[in-house]
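There are two complexes below, and they share subunit A, which is joined by subunit B in the first and by subunit C in the second.
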Partner chain A sequence: MGMAVTSIRDASRRNVLQGWYPKRSSMVSFLSVAAFFILWQVAPELGWVNGRFTSQPSQVFLAGIDVVLHDNFFYHARISLTELALGFALALAVSIPLGVLLGTSQTARYLIDPPLMALYIAPTLVLLPILVVWLGIGMASKVAIVFLGALFPIVVNTMAGMREVDSKLIRAARSFGASKFDIFIQILIPGSLPSILTGIRLAVGRAVLGVVVGELFVSQAGIGHQLNTYGSSMRIDRLLVYALVVSAFGYALTAAVRAIEAHVRTWRPE
Partner chain B sequence: MAGIEIRNLRIEYRIPNGEELFTAVNDVSLSVREGEFVSIVGSSGCGKSTLLLSVAGLVKVARGSIAIDERIVTGPGPDRAVVFQDASLLPWRTVLGNVRFGLEMQRWTGGDYTERAMSMIRLVGLGRFADYHPHQLSGGMRQRANIARALAVDPEVLLMDEPFGALDAQTREIMGEELLRIWEKNKKTALFVTHDIDEAIFLSDKIVVMGRNPGHIKEVIEVDLPRPRKPEILDTPRFTEFRRRLRAHLAADMAGMHLVEEVA
Partner chain C sequence: MMMDVFMRRQALILGTFSLVGIIVLWQVAVASGAINPFFISTPAAVWEEFLVQLGDGSLLTNIAASLYSFALALGLAVAVGIGLGILAGWFRDAEAALEPFIWFKYSAPTVAFYPLFIAWLGYGTPTIVAIAFLFALTPIYANTLSGIKNVDRDLKRVATSFGGRPYDIFFRIALPGSVPVIVAGLRLGVGRALTGVVVAELFGANAGLGYSIAYYAQMLQTTQMMVSIVVIILLGVAMTQALSFVEKQTDAWRTSHDT
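And then the complex of A and B:
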């Protein structure tokens, strides 16, 4: 009896301890963020830094409300989102079939692999000036830069995924009389899905970067255009609001793809 | 059910990135009677797996022929099913999904896929694990699932390529017993590749001993031990005699290999 009571008490103490550790870690990160905001808020007021260059959290918060209410925020966001969505959709439509082709056909690989790798490694943003010359300063040049930025990570990862599918699985499928189409649908696609999603996740980052940089470079509207406007007019508070929107959006999108990846990978022990 | 008739078989491989042809199997003739359990043993590189895969229709034949019940083999077919070594289950499918896989590929017309698959899963003793993914199972359980997948399509000939090769000795022995228990139920014609001598004697009606350079048949030994067999049979004098004969063969082969390496 006595022993049983002790063990229950031990167990509850262990639970308390186990509950404590994650709380402590989140507490530490919360405190560090809070300390940063407090420092940021008081530093200009104490004259440690020039508030004209750093702004303050309270000002950024107010600017955020101001931007949403009076700055055509949704108009600019819609422009940027449209460019992103169009460019990304085009990239998906081209890159996955291309990756599949390269992953399954050696001839195609010999033909396109070297230029593909060169383009994958080179930042596609270097093409921005020429795209503007070709397509103008409107949405088309941004769609094109998003397309180019997103294309290569997906192509390369789809190709790698197709090639890395275990040949033993293909042999097993063939032994049951699977056709080439069966093997493609039942083995190659599910087998390379994690790689394809990794490619898409990398592409999301490049696509968001492409839109913003494209608009920063030359544009008439969009989030990047607003960033440029407030940068050159020294409105640090508003600039930070837009910067925050971009990073939150990019983070959310990447996290969403990561969640799908985690779901798909349940069958694969890490 | 059907027997297997192999005549003057020759299998060649083109060495990757080379023009040279490598002869894996040369002039092999073998007949397996309907309902017979035949093992193929031999040291590594003797072409035993290649021989089995050619019966499965997965390897191109250079010369000679393979026939299942008078039908010449030109590729995989529903009359045969293969149990591979390990890791040939689809990792993204559950046990049930994997056992259904063969039925789906063959567009099986014998009834409900899930019902058929479940009955095979229960037969191999995995009833409680139908919803598990392969990575959640032990090696022995994965091979049970592999066997269920092959049996589900109700083949006339069961081909097994070192199915227990990746298992530890103890699991291996249990799986051998299990395989016999399942096989005794319907006595399908079975071709079984292994490098484990005891396993071969315990399971087989006939053992084919293969040699290397190029792969050829050295001897065919009839194993006339009574069935059904229990593990106790491993300690009988007759079993020991078979073991001695097979060991002598493989030892000679290994000695020859040593010589070749020294010359080279």
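And then the complex of A and C:
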């Protein structure tokens, strides 16, 4: 009885999925987003909320065009992107070799693991004010905070990836006369690549957060600087334009790394 | 004999060695004149300042203020995150309806909306709590969702064939089965809530550890800043370790329950 009911339900669900119309779940997602935007547009007009504090989708859209045309948008975006790219490149250059060292040497791991884990767990953003004292309010302090934010997830995941590599592969390679270097290039690096990419994906989120927090804290230019300017002058429409740009950027970057990650995982030999 | 102890306790010995090494190096680097103490202070000065701040009560006031915001934010995040996670894990339509917003929340740096919260809630505790709440919400929601959704199918089928109603399946199988995953989400949430509190306090507050760092940064007093920085790092490590411990306990409890 129970089985029969289940199989009928399964069959009807399969029919729904095979039909030409979109999946039920995407319909529901679409409707809920649409409802959100309609509510946001209508609520201030009906006087449910004060439009000064919430703005409206239509106003944000117009402000978006305005910002791109008249607000030096690309200048600020370039500053923020430069900080992000420099900090992230530095983090990659330091963290992957460090992760490889920690993953392959037990003594190094025992020595560096406790301070490393403490900094991985602790909010590195608390170091922002002291970085500003050291490096000033310009781009250098933001590059440093991006570097610190991105460093630890990559180190920790590279280390984990190195240790997860199949030891049978290493033993097999060694018995066929592979040198340490061969093992490293042919087995350790490809074997730990998925894990390294996971670290990079986590690091991307922290890096974008680092740029925004750094610029909001103190800056003379950049997306975070503009967020601060429009926040304190109550230009909610422009504020939301910048906040949405940062969010879309963070989303796109994370999604891109996730796609590479999925690709590498399927490509990796079993 | 000595060697034997060393090999068994290698992790502990080398770990302690490295922490002590960092402190000694820090002190020596300044004492030898290699680095100006204005930039990094010294461990001895930080320890003295720690005792001073402890003595005049300002450290405890700041810790209390931060923990108060932290507790409020985490409490809210737990209530909302677990509530929505259960809803979305149990009803597919609820998951589909929430998914776009969660994705947005997941990839957007929450802090970008900080000025908006200032406009809505003003400077101070409400904004700090709101930011920390949003920081902590995502992992708690995501883990609850996956815990409820990925309930052991065999258990569910057994319960159904013995006449278990959805109510029974939820309370006897889905909910207990997802406790370890939810606790793991909680551990991530604790770290993120702490980050949220401290970051929001950096921007605007009148008490708290983050506030104290920003305050002394304006006066360029490195030693005073270091006290709060070290306390925050220790708090983060202690709380995460405590939840890792709870996680192991619930995991062990689940395994023993299964067999």
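Criterion: the second predicted complex is superposed on the first by the 245 of 270 C-alpha atoms of A that agree within 3 Å, B and C clash if a C-alpha of one lies under 4 Å from a C-alpha of the other, contacts with A are read in each partner's own complex, and residues count from 1 in each chain.
Note that in this section a residue touches a chain if its C-beta (ideal position, glycine included) is under 8 Å from a C-beta of that chain, and two chains touch if they have at least 3 such contacts.
Since the model is a prediction, treat every value here as computed from it, not as a measurement.
In the model built by aligning both structures on subunit A, subunit B fits alongside subunit C without clashing.
Comparing subunit B with subunit C, the partner in contact with more residues of subunit A is C. By the touch criterion stated above, A:45 is placed in contact with neither subunit B nor subunit C.
Of the two partner chains placed around the shared chain by superposition, subunit B is the only one that A:169 touches, whereas subunit C remains out of contact. Contacts of A:187 after superposition on the shared chain: subunit B is touched, whereas subunit C is not. In the superposition on chain A, A:247 makes contact with subunit C only, not with subunit B. When the two structures are aligned on the shared chain, A:177 is found in touch with subunit B, with no touch to subunit C.
When the two complexes are laid on top of each other via chain A, the two nearest Cα atoms from subunit B and subunit C are 5 angstrom apart. Within the complex formed with subunit A, the residues of subunit C that make contact are 10-11, 14-19, 22, 39, 92-93, 95-101, 103-104, 107-116, 118-120, 160-161, 191, 194-195, 198-199, 202-203, 209-210, 213-214, 216-217, 220, 222, 225-226, 228-229, 232-233, 236-237, 240. Touching subunit C in their complex are the following residues of subunit A: 2, 24-29, 31-33, 36, 53, 106-107, 110-115, 117-119, 121-123, 125-130, 132-134, 205, 208-209, 212-213, 216-217, 224, 227-228, 230-232, 234, 236, 239-240, 242-243, 246-247, 250-251, 254-255.
Those residues of subunit A that touch subunit B in the complex are listed here as 166, 168-169, 171-178, 182, 186-187, 190-191, 266-269.
Across the complex, subunit A is touched by residues 56-58, 76-78, 80-82, 84, 87-93, 101-102, 104-106, 133-135, 153 of subunit B.
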